[in-house]
Amino acid sequence: MAEALSRPGKARLGRLFVYGCLVVVALLYLMPLWVMVVTSLKPLDEIYGGSFIGVPKVVTLDAWRAAWSEACIGTECTGLKPYFVNSLLMVIPAVALSTGIGAINGYILTKWRFPGANFVFGLLLFGCFLPYQAILIPMARTLGLLGLAGSIPGLVAVHASYGICFTTLFFRNYFVSLPDELTKAAMVDGAGFFRIFWSVILPTSIPIIVVSCIWQFTQIWNDFLFGVSFTSGSSSPITVALNNIVNVTTGRKQYNVDMAAAMIAAIPTLVVYIVAGRYFVRGLTAGAVKG
Amino acid sequence: EGQIEVLHHWVSQSEVDALNVIRKELEAKGFEWKDSAVGGMSGANAQQALRSRLTAGNPPGAMQFLGWEGVQWAEQGVVRDLNDLATAGGWREALAPQLLPFVTSGEAFIAAPINMHRQNWVWANRKLFDDAGVAVPKTWAELIETGKTLKEKGIVPVAMGDEPWQIGIIFDALLSDINGPEFYQKTAIDLDPEALGSPEMVKVFDMLREVRGLVDDNFVGRDWAVATGMVINGEAAMQFMGDWAKGEFLAKGLKPNQDFYCFATPGEVNAFQYLIDSFGMFTVSDETVQKAQVALAETIMDPKVQKGFNLIKGSIPARNDVPVDDFDDCAKLGYHERAAAIEKGSMQGAITHGFAAKPEFASVFSDVAAQFFVGKMSSEDAVKMLVSGIDNAR
Amino acid sequence: MSASTRMSSRLAGWLPRIVVAPSLLVVIVTVYLFILWTGVISVTSSKFVPTYDFVGLEQYVRLWATPRWHTAVANLFIFSALFLALSTGLGLLMAILLDQNIRAEGALRAIYLYPMALSFIVTGTAWKWIMNPGLGVQKVVNDLGWTDFRFDWITNPDMAIYTVVVAGVWQSSGFAMAIFLAGLRGIDNSVIKAAQIEGASLPLIYRQIIIPMLRPAMLSVIVLLSYIAIKSFDLVLALTNGGPGTATELPSTFMFSATFRRNQMGVGAASAVMMLMTVAAIIVPYLYSELRSENNG
Amino acid sequence: MSTLEIDRVRKAYGHLEVLKEVSISIGTGDFLVLLGPSGCGKSTLLNMIAGLESITGGEIRIAGKTVNDLSPKDRDIAMVFQSYALYPTMTVRQNIEFGMKIRRIAQADRDRAVKTASDLLQITHLLDRKPSQLSGGQRQRVAMGRAIVREPKLFLFDEPLSNLDAKLRVDMRTEIKRLHARLGTTIVYVTHDQIEAMTLATRVAVMKDGVVQQLDEPQAVYDRPANVYVARFVGSPAMNIVPAVLEAEGSTATAVIDIARRPAARIAGISLSAEALRRYAGRKVLVGIRPENFSIATKSAASALTVDFDVVEPTGPDTLAVFQLGGVEVTARLPPRQARAGREAALAVDTSKIVLFDSETETRID
Amino acid sequence: MSTLEIDRVRKAYGHLEVLKEVSISIGTGDFLVLLGPSGCGKSTLLNMIAGLESITGGEIRIAGKTVNDLSPKDRDIAMVFQSYALYPTMTVRQNIEFGMKIRRIAQADRDRAVKTASDLLQITHLLDRKPSQLSGGQRQRVAMGRAIVREPKLFLFDEPLSNLDAKLRVDMRTEIKRLHARLGTTIVYVTHDQIEAMTLATRVAVMKDGVVQQLDEPQAVYDRPANVYVARFVGSPAMNIVPAVLEAEGSTATAVIDIARRPAARIAGISLSAEALRRYAGRKVLVGIRPENFSIATKSAASALTVDFDVVEPTGPDTLAVFQLGGVEVTARLPPRQARAGREAALAVDTSKIVLFDSETETRID
């Protein structure tokens, strides 16, 4: 809708102001990232010598190397590498599961409405707003009963079940805008419940799949609470390892390694945001936001 | 021969190095050490992980205990009784009697203590003291005077951060130093309402306010190690901190008494406020793990291991009978003062690290002290808040 | 017609319900049963581990007698109100500016969004430094010559909560921006043309026409942000760890420390129930109106 | 044997009765148009025939077989939707093939069927495009192609032309008509556009509020509408309904109509059954006159009405003149250039085409 | 003095020329309709008049004043949009008032203006509703109300009726016509519906690809289209364009048209200028015959065509018969019940209405 507003001849000054604002805000937003980057490139002594946010005098990648493959997490000095893999092992099935289930739920709640469908949706939706600290202990018990305690599959199950609430919301709002006639046409063509979903509905939902995946990926990748509660030792996700590097109590903090580790931990989500950011907004337009 | 998973919250370099002493010894005996570290929040994250795992019925083989945790788990009947080993190894005799409440539960012996930290140390930059012509203070009043002198010279007298536990260290020390160990016993351990609300308590807060005057304004969010760095660099003169701070000085090649002072917080009776780390074993059905548990407990209580461990960790052995001849001067000082304190009854658990009152009460102390320290509350209000807080937690 | 086709068509009628049932079951267990469990614990004397003895509302009485909880509740209101207002305002502003045919829109959008992608475990440290008067913004500005400049909120118990607001806004306003941008892109062009012909200036068009039209997006933003505000946990732990003192305690950190640090599981559960009730008070009416208006529309 | 029988079918959503005892039956090769305003239940009825909505009461039989409990795919029908409902991610070919694929028809047969249908509809060159790359008319054809390859007993169309622009709508209408002639299949076609109904249908069912008002051949519906509602709904501009008083004059009737500021107009020579004539003589009735049944009167004409034209709208082939008659607004369709706004004119009426309605029940008087 | 002058106006988006030297000028009180297919540049031109698009070349003058560089609000215009563009968060009253508020008109005056406009448009009872609570026709009226209260020199309408259903469209059309008559303001109206153009306009500009094909009165455009494109675009069903060979017969021309499987048909008595007659005698031309200019021939008629009806579509008042003539498909509009598909019939043509086109340039021959 913007082109309607940009009138020719109407003050280059205005444009300048707009760009100015945007750039200033962008710089403010980048400040913490700047701090992290420069810190990760400094030797530790320089930091303890009092240089916290200035430009590094000596640039070194030691901290990055240490964070990736040398730093000790407990008595295992493997760096973040194995935990990075753990996180991938956790995030991929969890995102896939929650997105898949959310998609099929959204499909049912819009195209196969049954009495009480809205109520079911309401029930699912409220799960989005649960403070997770409150449910750690019963969840631990449940995982124990299921024999999933302390394992990556257990963590996947936890993330997938709370993820369903969000993904169902996304997909439902998206599918509401798909014409019902599409399903009807496929029914007349002889397609059944799953066939319609797979051949007709799913191929049309790429934008919202992207949104759902981005959201779930970020949430699950960055989760610490569930990771620390439901896994242990070498099966921990990267946030737990990161915490172990960062959250030193009675030792000395290696700030440069901390920052490098933090950025390593953030790389996948950053990549996802930068690569798919456009689809994020587009997908939001398509489904997550109503109106 | 067996594998044991050890859940602990030691993640910093010196801690891990020390832990490796135990690990190597255990592995020499043929047992595998499976490491589960959960750092952060003074062990609360590890606590929470443990609780999840016990709830799930999936406990680790061994767990590092702090404060009352071991006892509380033992009351739930999930901790393995090591009494046979303790009796055979004479552990009870080798430990200070003050420690026993934290490693036994009724008849059972539930945890093997590895080390003992003293919390109420003062670390000072000798050069600054000399330049200012001040000596090591003998009383808190002197300490405040010293601080003021230093402050006039543009030096930060006390380096610290604003975390409640850093403030708590000072509060714990004052509680005993100003009113004596009995007062500490009555308030911090027995939670006697009368003592808690007494004018003596007001004095403690008054003094805490004085200390606040010696701290610079940028103390928020400052890590304790950064504060130590300030003392080392000569930006600040003193720091109140447990003996883990010593490692920072030694790492810089500084020598006790030559380059820096270590002395106990000043008091009429020299207090020794301790905290210990111990390892408890959970009841498990797997026999190989059970064997490994025995081996681990014995390794921990091995005097040789205790020495090796503590040389690295900066603390002193939990066992009284391990000689400290190879240790540095500060450790020796601590070791000797411990012996004296055991005698005088001034060896007491530190509230801040959970070795006095149970956590629900201990946190009231640290809440009040921290709020008082960073805010503008009057001492009388702080005392009232303390009394009602403790009442509420009962 | 054969009985079997009738059977199969009846089965087909039930199939959606059967397929959705497992999710529903999972959610009923992991959300509602667990909430129920928490509710039960909040009326027992549970301390270290769950015990199941009924003590009535004792834990709630205790909770409300804890000054720290009062701080937490007061902070929640200050924090939520400011966080919501600022994130929404800033998000809206950025969305409007970004919607002006900006050349580098993609890059700028990524910059505004990236904080959402980072875990606060570490960005907290960066913020701590930036806000520390001796290290960060204040020092930089002082060094530039404005020696009177003060930005030391983080050291001041009365102001520290605002630093949490700042960091929270930094983290979430990009998200608000994305939703508003989506909303703006959905607005019919000709409405703006119509207003232009009537002589409305650009600010007036935004104030009187476009922003009111963003109401649905606004509603989504506010609900999602309130949810973030109520759940904020990492943010506080990493930035101030509840300090100075207990000045920046929030209900979520209170609940965590009551349960896991102070061995007051009952109090923790009671605080969780209070939080859940707050959330429900916001969300349930929203859900109700959303689902109802959809049926009508 | 009739191909489709709708037998006292009812539909209710909760308490809302959407269809009330609808009965329609058509034979093989018939083209039934369900005509009615928005919300009258046309789509609902069509969906019930297709099996996409459950039936609250009554029975639907296709080729003599009750299909109430059959699922859509077992009813041997094909359906074309208003929005075409093409699968957006499939090519045209895949769209057309989809139903056959599901029924596991061999590739060779599928190819043949696609070829036949696409040749028939002249969309062969579009087979590899996606729906988004097609124009409205092309999409419409693809949707028909998808229906044709099924070779069903019954085609169902739900407003297939309403998304097209006026020009294209006329063209596609002719094409559907031609297709029906060529394939000879039975068709049920829903629309709210009376022109479509008139041009396409062999049978029209005019619906209102879930009730069938009239079921008949299109020209019969046009010439002898069952009631005022049908009369107004069918035909554009709509039939003029003018209040009048009936007078018997021998075996024919005369309608006396008030005209503002002039003597009452008399339209004589309306034929009516003897019984009706007796019953309605001297009473108020409603006179229905189609716009095209007016003409400019030659000076000599006896029963000419003198009127003042209000608005005059030339449409090209005709001119529409609006004036007041009997207190209501009346439109006449006249040849071009014969009317001018604000002018007085004398109009003749073709009495043989006049329809009379009861002024209370609004049903036709014969 | 003309109210609006568009003087060799051009518009380009980058290299894409959307409007090519468009010149139109209309007088006060005129109703100009810009008619053309989708994408021909109608909206662009309207937006340029409104000041919502910049002008690449040429000049636009309103009431003699060049407005090229004036902002929309200073041009003294009002505009009604296809989507109505009502402010969804304001009530009807606020919508109508908005422009006046901006111009700081006193409350009392505003109230009076709203009252007048809403009475005129019969929306007084809707003033407190939100747009979402209105039907399509009501919204349309509100949009007009918003325009009326401005009392502008020029009204601009961009396809204001295309979102309405057929019935409502006809009603609203009459209302706009009446409004124009009552207010007497100058109007520029964009549509792609030729019927709207015919009924509403005092001047029609038929556009194609950014070029005005013909600018004239509607009946003139209908009767004497400038070229084949205009002939086909205006009128529904479209004018039949049949290839023929012209023969001179005295001062009139005869068109000779092939008919499949029959002797060639001869349509005699077409009047033509002497010069054209000389030029085109013996050459190929295109003969334009409107559907309504065919009639069933009385047996004696001399120049009757004998044809076979292909498809017959009764529309109610008329019947459309489709047949082959000169190798193309031709539609005739006949009275009801006079045609039957598959039958042979003899048709007469009203030669006075015939139009001839050059077979190469496709422009009209006079």
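Each chain gets a letter, A, B, C, D and E, in the order it is written, and its residues are counted from 1.
By definition in this document, contacts are C-beta pairs under 8 Å (C-beta built on N, C-alpha and C of every residue); 3 or more make two chains touch, one makes a residue touch a chain.
Small disclaimer: the values here were computed from a predicted structure and weren't measured.
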With respect to inter-chain C-beta contacts, which pair, A-B or B-C, contains the greater number? A-B
Farthest chain relative to chain E (centres taken as mean CA coordinates): B
In whole angstrom, how far does the Cα centroid of chain C sit from the Cα centroid of chain D? 56
Please work out the Cα centroid separation of chain B and chain D, and write it as a whole number of Å. 91
For chain A, which residues are shared contacts with two or more other chains? 4, 136-137, 139, 243, 246-247
Can you pull out the residues of chain E that are in contact with at least two other chains? 52, 71
Overlap residues in chain B, where contacts from two or more other chains coincide: 41, 48, 51
Which chain D residues qualify as touching chain A in the complex? 47, 50-52, 71-73, 77-79, 81-83, 85-90, 98-99, 102-103, 146, 150, 158
Contacts from chain A onto chain D in the complex sit at residues 179, 181-182, 184-191, 195, 199-200, 203-204
Touching chain B in the complex, chain C uses residues 47-49, 62, 65-68, 128-129, 131-135, 152, 154-155, 157, 160, 237, 239-247, 256-257, 259-264
Which residues of chain C touch chain E once you look at their complex with the stated criterion? 188, 190-191, 193-200, 204, 208-209, 212-213, 215
Which chain E residues qualify as touching chain D in the complex? 38, 165-167, 170, 173-174, 177-178, 181, 192-195, 198-200, 218-219, 222-223, 234-238, 290-292, 311, 313-318, 320, 322, 333, 336-337, 341
